[in-house]
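Presented below are the structures under discussion, each in the form of structure tokens.
Each of the two complexes below includes chain A, the first together with chain B, the second together with chain C.
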Partner chain A sequence: MNLKYIAKRLLYAIPAVVLVVIIIFLLTRVMPGDPARAYLGEMATQEQVEQLREEWGLNDPLPVQFVRYVSGILHGDFGYSNRTHDTVLNDFIKRLPASLELALWALAIAILIGVPLGIASATHKNSPLDHGARIFSMLGATMPVFWFGLMLILIFYATAGIAPAPTGRISMGINPPTTITGMYVLDSILTGDMVALKDSVSHIILPAITLSMSTMAVMARMTRASMLEVLGQDYIRTARAKGMKERIVIYRHALRNALIPILTVLGGQFGMMLGYTVVVETIFSWPGIGFYVTDAILNVDYNPVQAFALFSALLYVVINLVLDILYTVVDRRVKYD
Partner chain B sequence: MKKKKQIEGEQLAPRHASGWQIFCRNKLAVVGLCFILFWVAMALLAPVISPYEPNALDYSVSQQPPSLQHLLGTDQYGRDILTRVLYGARISMWCGVISVGISLIIGTVLGGIAGYYGGVVSIIIMRVMDAMCAFPSLVLAIVIAAAIGKGTVSAMLAVGIVSIPDYARLMFAETSSIRGRPYIEAGVAIGLKNSQLIFRHVLPNCMSQLLVKATLGLGFAILTVSSLSFLGMGVQPPTAEWGNMISDARSYIISGQWWMATFPGLAIMTSILGFNLVGDGVRDILDPRNRTGV
Partner chain C sequence: MDEPILKVKGLCTEFKTVDSRVRAVDGVDLELYPGETLGIVGESGCGKSVTALSIMQLLPKGVGQVVGGEILFDGKDMLKLSQKELLSLHGRDMAMIFQEPMTSLNPVYTIGYQLSEVLRYHMGMNKKDAWQKSIDLLKDVGVSRPEQIVRSYPHELSGGMLQRVMIAMGLSCNPKLLIADEPTTALDVTIQAQILELMGKLKEEYNTAILMITHNMGVVAEVCDRVIVMYAGYVVEMAEVNELFDHPSHPYTQGLLKCIPNINEDREVLDTIEGTVPPPYAMPKGCRFAPRCPYATPECEASKPELYDIGGGHTCRCFRYKEGNPNA
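Showing the complex of A and B:
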């Protein structure tokens, strides 16, 4: 791996990060309503509000506030939540394992189904399988996530009765597994807690499918397009002419070269998924960051919302950075400069 | 056999197919156009064809499944779902058009300025656009809507602002490539003003690309506005809007009252599908490879 390339790429990411922070800061300051008033509630006197405004530095000039905001972020200070009366950072950390678990499952489902579907679609072009896969990915990409989730609940919980009620990560009467990673499925495997394992898997399946749907659709479509392009190239014909097994041609020669556009799309999809977490966790009462953010939105508690936006934009920058570096691993022809 | 027929059919097509012919060759695009025309008609005719008032409460018929009196059933207040879905089309189409209008105008101007003038201006504008793209679009829309306040207008603005970078980037790429072409140099040489050059010579060349973006953008706008409404930030009750209808229906899904959420969802899906398919169809028209009949 080329360290110079990585350093250069890191340097490019800095202006993006600075601008992201400025955008969030400016959005915070045009917000109507008084955060101090929101924190103290309707009953507080004007004097108390004024005192808190002074204490929080809301009466200082904007540049001063900006410097304080940035130094706060650097110290991990994202303000307080009016709802939980805890710091936003603590609230996030508490809820991170639930969101991470859901996101990882969704990502796994999207890749494990989307990519093979795209490959099959490309290798069986214009077959009924291909048409089916294309219709599936078209519908998957246009379906509103919140509606799809509700339809799954309707079908699998309300009608068929095979899924548990959409009320969180584990059933009421069952003890969550001993905390190791905070992710219930993984923890119950690690601790050998079969009861918790069965229950937590049954709880995560529907929300994970809901969250994965649009990414799965995009992955299938992108893999198909990318594979078709690669499969039409000369070296694939050469490989086949040499009498190589079709499996090796497709997986070792074609897929490897088709991977770059797929990776790029995956990077963009991660951001989409973060956005949809808010919706999906709300529908399934999944006690993660997204659910917390929706609750904050509805209760005019904006610190968590801004922190979430900042967090997801920074994550996006980091993911793209990692992907750019990954490209050089997957494909050595990617230029370093 | 079928394949052979298809090839013959294609060879019979005129050497220079018109845009409409290319569009019609894409059957899915035609289906998409039908969806759009359907929803536009429903939006326009909602007051005429809807059987009830969208906000007329009638507790005697609350939560009824589809029947002859209420073709798509009623909600918890006894309001007719069909009527509300039809009226919802009006809101959704308006939100789509206005937010795309906002992003199209601002994005085109910003991207145009950046591409035409270049230099520091372009660096500043385009870096800001890049930073905006770092936010997941729904998350940025939520933050902006939160900053402006709940409501229909704020949702339209939020969705409009979120999409600005899409148009700006496209316009930037087009303008900076057109800028170096001989006919622009010729324009400069005969003393045309910058504004004349931009509006008469640069912009028309970007129009077609912008059109495709805008068509796809309509679908995105409808989806995002309804997502915001679902989360309680966009269109507020009692106004009938697809997203907030589904939000209202949430607690009834669990007890199996399927009709309240299903129909508004199908409405969102078909309208987005319509705009996406037509967008793809329009892109086909613009692709020079499709220009010839063969």
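Showing the complex of A and C:
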């Protein structure tokens, strides 16, 4: 792979990230509420609030605040959270494994169900299976995430009673597995902790399905469309004329060609997922970054919100770069100069 | 004479359209012997490619379907074979090359991968042997620097080169039958000649029967032993190649041959056959060529002619030959 190209792409990403920093800085400043008031509570006097505002530099002109904020970022200082009384960086590091675990599960579900569903839809075009899959993916793509999550809780926890209460990653009485990666399911497997494994899996399934739903639906639709186009190509007929088994024709000859648009859509979905994490973690009280940020927004805690936006923007840039590089692996006709 | 390797009797193929079924091939008979090249000529839409895809059993699923007739390949009834039996025939005993070499190879795999895939699957070769054999095959079809070409991707090669690769792929398992669907149409003239020459050479070498589908009379003259002329879904004339060029009998064949421009003639306008092929949903009741035929009689419009034998393996679907050859 072309290192020069990667370096160039990263350079191009800088203006985007700078823009995100500016916008998010301004947005947090117009959020209703006064962080000092929120911090001190209703009972504090106006003088106390003023004093704290002075102390935090909130009375300085916006450009001054902005410069201070940016120079902090450049030094790896994202400020303190008024809620946790810890640095935002530490808070993020602590919560990242929970979010990462949820996102990876959701991504795995979305890909492992969405893509095969789309393939089956394409190979059985206009069959009842295809119609069913299309209705399913249309519902999945249009259902509001928060509503779907609440329905899952209602059905599987409140009514059927087969899922645990939506309160975090593991039940109260059960010890989390020894930390290796910080991801409970993986750590339980690595340490052979069967009790924790069973419990953490049962906790992650509903939020992961909720988070994966719209991506799964979009993957299924895109895979179907992309596969249908590829299956009509001459080289597929050649593969059949060569006597290749249907399975090989579909998975080896067609799927790889169909993959590029699927990857593109996946990149876009990643951004959506970042946003949905906030909703899903809140509904399921999942102690990840999304939950943390929701709490920060509700309490006018600027620093975590700004850090989250920046983190999302950087992640988005990196994911898209990785996808662009993946294109060249999947299809050798794709070349970057 | 040997037994024919391919025997098609009364082949009828239909396509589903939005509101009806259209018969693209209507009662085609043909026989092909080992080592022979049989040409099928006709203009676009006459059913020649559909005939080929029907023989291969490669019609687009759910759209095209053989609805009648018999296809005997190497003694086996193609229409009664299981999917598994078909797979073991395709690429091994019967191979096919297509019109557009540029789009007929998978863009995301190397030439070597696509060639060795056939060998690995049908001949049970391991990866390394199949790769080596692919290089040898490319050498056989006149590709220079085959060691380099096997590692290339289709987009890195020219159309002529890709058609050579397709031919190598088709011949990789010594098939008994090679169906070539307009293999030179997409190539420029000098490359066309090379490809035809190559196919002729390989036919001798491998004793493969070739079904050559083309609309180009020049190609027919160059490589075919016998020719079938198709019009609007059925066979209108069949003859040995020299016989066909010397004594074209069906008015359509005569028209086709007249359309070939001659360099020694000084003329402004090329000959054409008046009118167009009738669409499948509006086939004439009688002879399908009657509306365009200069010799058409009321009989032609009222009833369908059959294929009449006019001697020496030459048959013609025209009422003028009902009582034998009037020119004989």
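Quick notes
The working rule: the second predicted complex is superposed on the first by the 295 of 337 C-alpha atoms of A that agree within 3 Å, B and C clash if a C-alpha of one lies under 4 Å from a C-alpha of the other, contacts with A are read in each partner's own complex, and residues count from 1 in each chain.
Just so it is clear, a contact is a pair of C-beta atoms (placed from the backbone, for glycine too) under 8 Å apart; a residue touches a chain by one contact, two chains touch by 3 or more.
For clarity, every value in this text was computed on a predicted model and none was experimentally measured.
By the touch criterion stated above, A:Lys198 is placed in contact with neither chain B nor chain C.
Of the two partner chains placed around the shared chain by superposition, chain C is the only one that A:Ala239 touches, whereas chain B remains out of contact. Judged by the touch definition given at the top, the superposed model places A:Pro144 against chain B, while chain C stays out of reach. Contact comparison for chain A: of chain B and chain C, B touches the greater number of residues.
In the superposition on chain A, A:Arg256 makes contact with chain C only, not with chain B.
Within the complex, the chain A residues that touch chain B are 15-16, 19-20, 22-24, 27-28, 30-32, 138-139, 141-148, 150-151, 153-154, 157-159, 165-166, 271-276, 278-279, 282-283, 293-294, 297-298, 302, 305-306, 308-309, 312-314, 316-317. By the touch rule above, chain C contacts chain A in their complex via residues 56, 58, 62, 83, 86-92, 95-96, 98, 100, 103-109, 117-118, 121-122, 153, 155, 166, 169. Every residue of chain B that touches chain A in the complex is listed here, in rising order: 127-128, 130-132, 134-140, 142-144, 146-149, 219, 223, 226-227, 230-233, 243, 246-247, 249-250, 253-256, 258, 261-262, 264-265, 268-269, 272-273, 276. Of all residues in chain A, those touching chain C in their complex are 125, 233-235, 237-246, 253, 256-257, 330-333.
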